[in-house]
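Okay, got some structures for you below.
Paired with chain B in one complex and with chain C in the other, chain A is shared by the two complexes that follow.
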Partner chain A sequence: MTEEHEMEGEGGVIKKFMFVNRKAPYGTIYALESLEVVLISAAFDQDVSLMFLDDGVYEIVKGQDTKGIEVKNFSPTYRALEMYDIEKLFVSKESLEERSLTEDDLLVDVEVLDHTQVAELMAAQDVVLSF
Partner chain B sequence: MKFGIMVNEGPYQHQASDTAYQFAKAALAKGHEIFRVFFYHDGVNNATRLTIPPQDDRHIVNRWSELAQEHNLDLVVCVAAAQRRGLLDENEASRNGKDANNIAPGFRISGLGQLVEAGIQADRLVVFGD
Partner chain C sequence: MLHTVNKSPFEKSALASCLKHATAGSAILLIEDGVYGALDKTSFSDQVRAVMPTCGVYALGPDLDARGMSGRVMDGVKVVGYDGFVDLVAEHPNVQAWL
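Moving on, here comes the complex of A and B:
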């Protein structure tokens, strides 16, 4: 945390929170439980952003079908983030490329950043939660 | 400095809880403050008092309970993560019609808001996990 990032909002301090999503949506519970924190954070009027890195980019890939593994497909929730005023979604360019994915494969609007930009954005955060 | 700590992995399976504990102890010894320790994901399993490690091993759960008592630490277990994994206090057990509870002394069950609050209130939130 650096002092200049803190702003005083009506309800108190507003910090920059970044949720870093690095894991595939299924196989482990990290992605789902990360999303649960993101939704709660919306109630705290903080400056929230999401970063999708590594296999985390698969969390927001279109056309997820989980019937075969009997696990809930929670990917529609990412589309609902907008309603919670969570609109800062970033994706690693390298992580997309390594997986032969493009922005068109994603179910939400994102900003694609290269690793240098990702690092700069992370450095500017007050709180980084990595899942 | 005021620290928040997040523990995301279960005891014994993963070193995250050990490292978080050592970090907390070292920070307290240096005179820092721990605003809260928040247990999430499989980290909620650090709060079951039914843990029985071999006698020649460290007792991860008791160690947290003792540290909490000694320094008046706020150890918070995420309620949603806890319910999924069968970690209950007396209140949650009776509310959900379960015949037992298993939370260890010094821990309390609460919501994810407690994690976000720790991020806001602490100077640094340190995450231990994979």
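Moving on, here comes the complex of A and C:
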């Protein structure tokens, strides 16, 4: 937690928060829980980034249809993050490639970063929350 | 024997271990996050393709649909519904679940 990153906002100090998403949706509760916390964080006017890494990239793949497993399809919610001013979405290039996925397969606009850029961005955060 | 795998091959070694221990004539059914092992052109596809000459490989359709993966299944994987899951269990004398 370094002083230089902190800015004074109207409601106090604004910190850089990153949510690191590394789990596929539905198989575990992590992806949904992360999304819930991200939405809560939006209420506190913080500098929020989302990183989709490893199986986390599957969270934002287009065409999810959960009727057959009787679980809520929460993937449309990622498209609503923009309305909460959460617009910094990053995806690992290597994680996409290992899974034969491209940016066109994703349901939100993202910035694709290689592992060096991912590491730099992580290092620049005040708080990193892992899911 | 019927083997079921419910973990992503990118996150856990369950599928890799299953593939290593499945004998000829076994069936392997991929369910839940295990269905990511049924996909074409991933870094894991070749390992699954390698057992196809001796083992039947199946993936559960509703789990593929939920994850948006139905159009990405590799050739040779048979997509089944819950009825097909029941048939596989009934056809095999025993089941091993790789968790």
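Basically, the second predicted complex is superposed on the first by the 131 of 131 C-alpha atoms of A that agree within 3 Å, B and C clash if a C-alpha of one lies under 4 Å from a C-alpha of the other, contacts with A are read in each partner's own complex, and residues count from 1 in each chain.
Please note the rule applied: a residue touches a chain if its C-beta (ideal position, glycine included) is under 8 Å from a C-beta of that chain, and two chains touch if they have at least 3 such contacts.
Worth saying up front: this structure is predicted, and the values here are computed from it rather than measured.
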Partners on chain A (chain B, chain C) - clash or fit: fit
Contacts of A:40 with chain B and chain C, given as first, second, both or neither: first
Touched partner set for A:112, first chain B, second chain C, both or neither: neither
After the two structures are overlaid on chain A, angle v-u-w for chain B, chain A, chain C in degrees (C-alpha centres, nearest 10): 90
First, second, both or neither for A:24, with chain B first and chain C second: second
First, second, both or neither for A:32, with chain B first and chain C second: neither
Shortest CA-CA distance in Å separating chain B from chain C in the superposed model: 11
Chain C - residues contacting chain A, complex: 6-8, 10-11, 32-33, 36, 39-43, 61-63, 65-72
Residue ranges of chain A touching chain B (in the complex, touch as defined): 1, 12-13, 15, 17, 29-30, 33, 36-37, 40-41, 43-44, 46, 126-131
Footprint of chain A on chain B - complex, ascending: 6, 8, 40-41, 80-81, 111-113, 115-117, 119-120, 123-125, 127, 129-130
Of all residues in chain A, those that touch chain C in their complex: 23-28, 54-55, 58, 61-69, 71, 73, 75, 98-100
